[in-house]
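One chain, chain A, appears in both complexes that follow, with chain B as partner in the first and chain C in the second.
For the complex of A and B:
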């Protein structure tokens, strides 16, 4: 079946492309690839909320920053050997925070939910900047130590790639599970799901907690990438950037968001070398995509590849 | 006889507007009970009050003898209320099969499972991998009913199922309801289509401006031309 073919093709492309980076000797290329997989995990977990459940959170940067700061602060204080368990602590902290914030913000719907998530993230950003003694404020945290075996660009890339791949596999299983189907049902018509005997709020909350948990893992991985983190990871432009990348890649597809991230990061790298106005190009591309191809890069590819079910759209399986 | 659903002195409001005035009726196990009335008479509001989407201010709803006032709609569904809403919206972006599997969410076991559904609704088997949104209006109505049956409800609430359907589909629907009756399904139906109601129902009430104005078995109603003229504008 076509959607199976598409799933296989996208998973193979992911593994071959990013797994194959291991054999590339270019440090810069490996660094770019690491950025793509880490931000890709952020975008795909964000899309569990956005594309699947229909919840537009404008504050997921909160969890990205949270993951980075939990990892960074612990490793900085206790030394590089503590980096790994700090990273293991990240999902637990993120789930606890998400449970509280989700329980508060999911009481509201639509744009009110979006605004509240934005407000929480800005609040945490404000605290991070002002609470200098605890977070080092605007200076951020530099020279975050890592264990010996993760030192060097290639080693850390392999580590990040493996962690992200495991996370993506779990998210993909979730996306395909009955729970994933319920989330899609909630996106399309929450009242109807209610009539089927399901507590919509509880399912939304669970989606929010899971999404935030994986977003925080991405943040934790980022802390080890350059060893340098900054309060800007919490700020609304970070959340907004992820929304843009997700739409660019295609929010109705599991892999769409990471494709959006790849295009975004590569453009920033390539165009950024010749002009500081690279964001102008990103903006122009976004306008074209949203106006001409609202289903994103994956949506367009589906049309070109003829991956169309006989009547209308392909199923959103991959 | 076993009363599956009993509605007692229901008063419901939309904001300050008083919509239902002491609506009362009860549906027995295995019967098809019809709530008839014109547009705006209060049929859909009655349904919404029963499933607690518009909780009644006064009055009780009893399901299998248990009061369900104050429950959330999903809790009422889990106790065995299977609503097929008027606008019959399916999940257009999900496959027909996924639509059906969502119907099992209430985790109620019983006669209906996927295999049974496909026997009674062969068209859904044929289209199981298609998106729900690609089905015709009549097929979507079948899918909605099938999805609700997947939850094995104690009572099936069909809100104006024939609305907007072609005469051919109305016939198909009639045959389906008759088959469900044979299986012993308890059905509460709201309709303005008198012929459809007379073809499938055992008993009926007429609702007008939020009041129950008439109650009878279907044979008595069949003979009563005055009532049809007065409340149903035939």
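For the complex of A and C:
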């Protein structure tokens, strides 16, 4: 399929589908949609690192939890009117933390980088659990207040949808910017990027800071969704889940990750109603996807679209 | 004035002395070749000149500036650019995007995180001009992995030229090529040298090409520079014949 056509189709689908949710009267459906857009922002931010730059961080939950706790703790302590500026503070805190952690971990390559990001996230998880007086430990934070106008499922959904859409637009611009192109170059051939006169480390660091910043915004939005957050947001299964969703949806496509998120969340909801073993089905689907369709859902769709496309146009690329 | 000057450059890999007190001066605008048997230290010499590895001792001057031990990214900015023995490309990207990345780097647009890719006219113009000059224009939308081996090597050189080098180092430009591709590459290098008036150094095993186009030929054997001269002088040099060319060639 033509690249521009695919982009237009996916953006339209995103806006129509998730924008259209505001006309749906079903509270439960709106709650599911809110989960999908928030986790979708997490997954797409993560994929800037993973799919674009080729950096597998196993610790992005650190920033998801960080965003949630910065928002949740401030709103809880100072009241619902402070929810919004707490949310504005989130990207700044996240970027500062990412700058330090990135500078330390990006010096390492491949699996060592992955392990170090995991270690940092688990460390923060441990601190959150143990430092009861500051974080409420294992109890998490409940009943996080929000401003009046964000109360109610639909109002908060509209707010989350708008914030996520602005963030996705910025990330999409980055994806196709000169910087985004250089990131793809770093994934494929860092030595050559170096011989283009560029400092690979600094480009990776900026990618890491930006990715972590948007991940933290997703976490901040989650804190307002149910008004309840828990140290589990920092834990490695959270980071791992996002990796799985991204691969399921397709890491070589901008929107792939959010499609993976949607499939996960919907499966959990639908299958979860009839059995508590819903994760078994997720596991089975992952095995099928990884073995048969390693390019994810978007990759498969592209192949199908290719079958029906005009033959004999070797210049067309997906 | 010489653009590149090596003085007593030494490099060891463990017990192996890969560069032995190499001194040479390459004048500006020269098209020269470095030849020698496998393992003579030709690529290692390139790696030192381009900053990929640092000499153990000795110095490298580029345009009168001491660049010994300088990092590749700085040397590239100064104009020392190379192409690789095995084409070093972004294989999942199109020909255009491969050159685009180099043009973005050259114009310093690499930090722009929000601009659309095609918002820089000068970047696009440079890409088009390089593709036209190297005959890659009708392959612009092909991905690098879809190209023939010969075209991949041409693209590698195209990326290097996009950086507007002052000194171009080509590591075995015809390695693994078919005879036809060799002829084309030979003509291409000659044309590049003429068109860009560029100091060019290439490492090569194809002697027809070396003696055909190089103004000056330098011979490395076991890390040592044993001879330097034009085609005729090198072909008659007994040390070179013994060590590399062999007697039956002549």
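Basically, the second predicted complex is superposed on the first by the 305 of 318 C-alpha atoms of A that agree within 3 Å, B and C clash if a C-alpha of one lies under 4 Å from a C-alpha of the other, contacts with A are read in each partner's own complex, and residues count from 1 in each chain.
The working rule: contacts are C-beta pairs under 8 Å (C-beta built on N, C-alpha and C of every residue); 3 or more make two chains touch, one makes a residue touch a chain.
Since this is a predicted model, take the numbers as computed values, not measurements.
Visitor: Applying the touch criterion given at the start, work out whether A:210 contacts chain B, chain C, both or neither, answering first, second, both or neither.
Guide: A:210: touches chain C, not chain B.
Visitor: I'd like to know which partner A:106 touches here: chain B for first, chain C for second, both or neither.
Guide: Neither partner.
Visitor: Once chain A of both complexes is superposed, is A:173 in touch with chain B (first), chain C (second), both, or neither?
Guide: The second partner, chain C, only.
Visitor: Once chain A of both complexes is superposed, is A:93 in touch with chain B (first), chain C (second), both, or neither?
Guide: A:93 contacts neither chain B nor chain C.
Visitor: Now for A:39: first (chain B), second (chain C), both, or neither, which partner does it touch?
Guide: Touch partners of A:39: none, neither chain B nor chain C.
Visitor: If you stack the two complexes on chain A, which partner ends up touching A:116: first (chain B), second (chain C), both, or neither?
Guide: Once the two structures are laid over each other on A, A:116 reaches no partner at all.
Visitor: Touch check for A:196: first (chain B), second (chain C), both, or neither?
Guide: In the superposition, A:196 contacts both chain B and chain C.
Visitor: Report, in rising order, the residues of chain A that make contact with chain B in one complex and with chain C in the other.
Guide: 178, 181-182, 184-185, 188-189, 191-199, 315-316
Visitor: Can you check the complex and tell me which residues of chain B touch chain A?
Guide: Going through chain B, the ones touching chain A are 51, 53, 72-75, 77-78, 83, 85, 89, 91-95, 98, 101-103, 105-108, 129-131, 133-134, 147-148, 151.
Visitor: Touching chain B in the complex: which residues of chain A?
Guide: For this pair, the touching residues of chain A are 1, 178, 181-182, 184-185, 187-189, 191-200, 252, 309, 311-313, 315-316.
Visitor: Hey, which residues of chain C end up touching chain A in the complex?
Guide: Contact set of chain C toward chain A: 50, 72-74, 76-77, 81-82, 84, 88-94, 97, 100-102, 104-106, 109-117, 120, 123, 141-143, 159, 163.
Visitor: Residues of chain A touching chain C in their complex?
Guide: 170, 173-174, 176-182, 184-185, 188-189, 191-199, 203, 206, 210, 314-317
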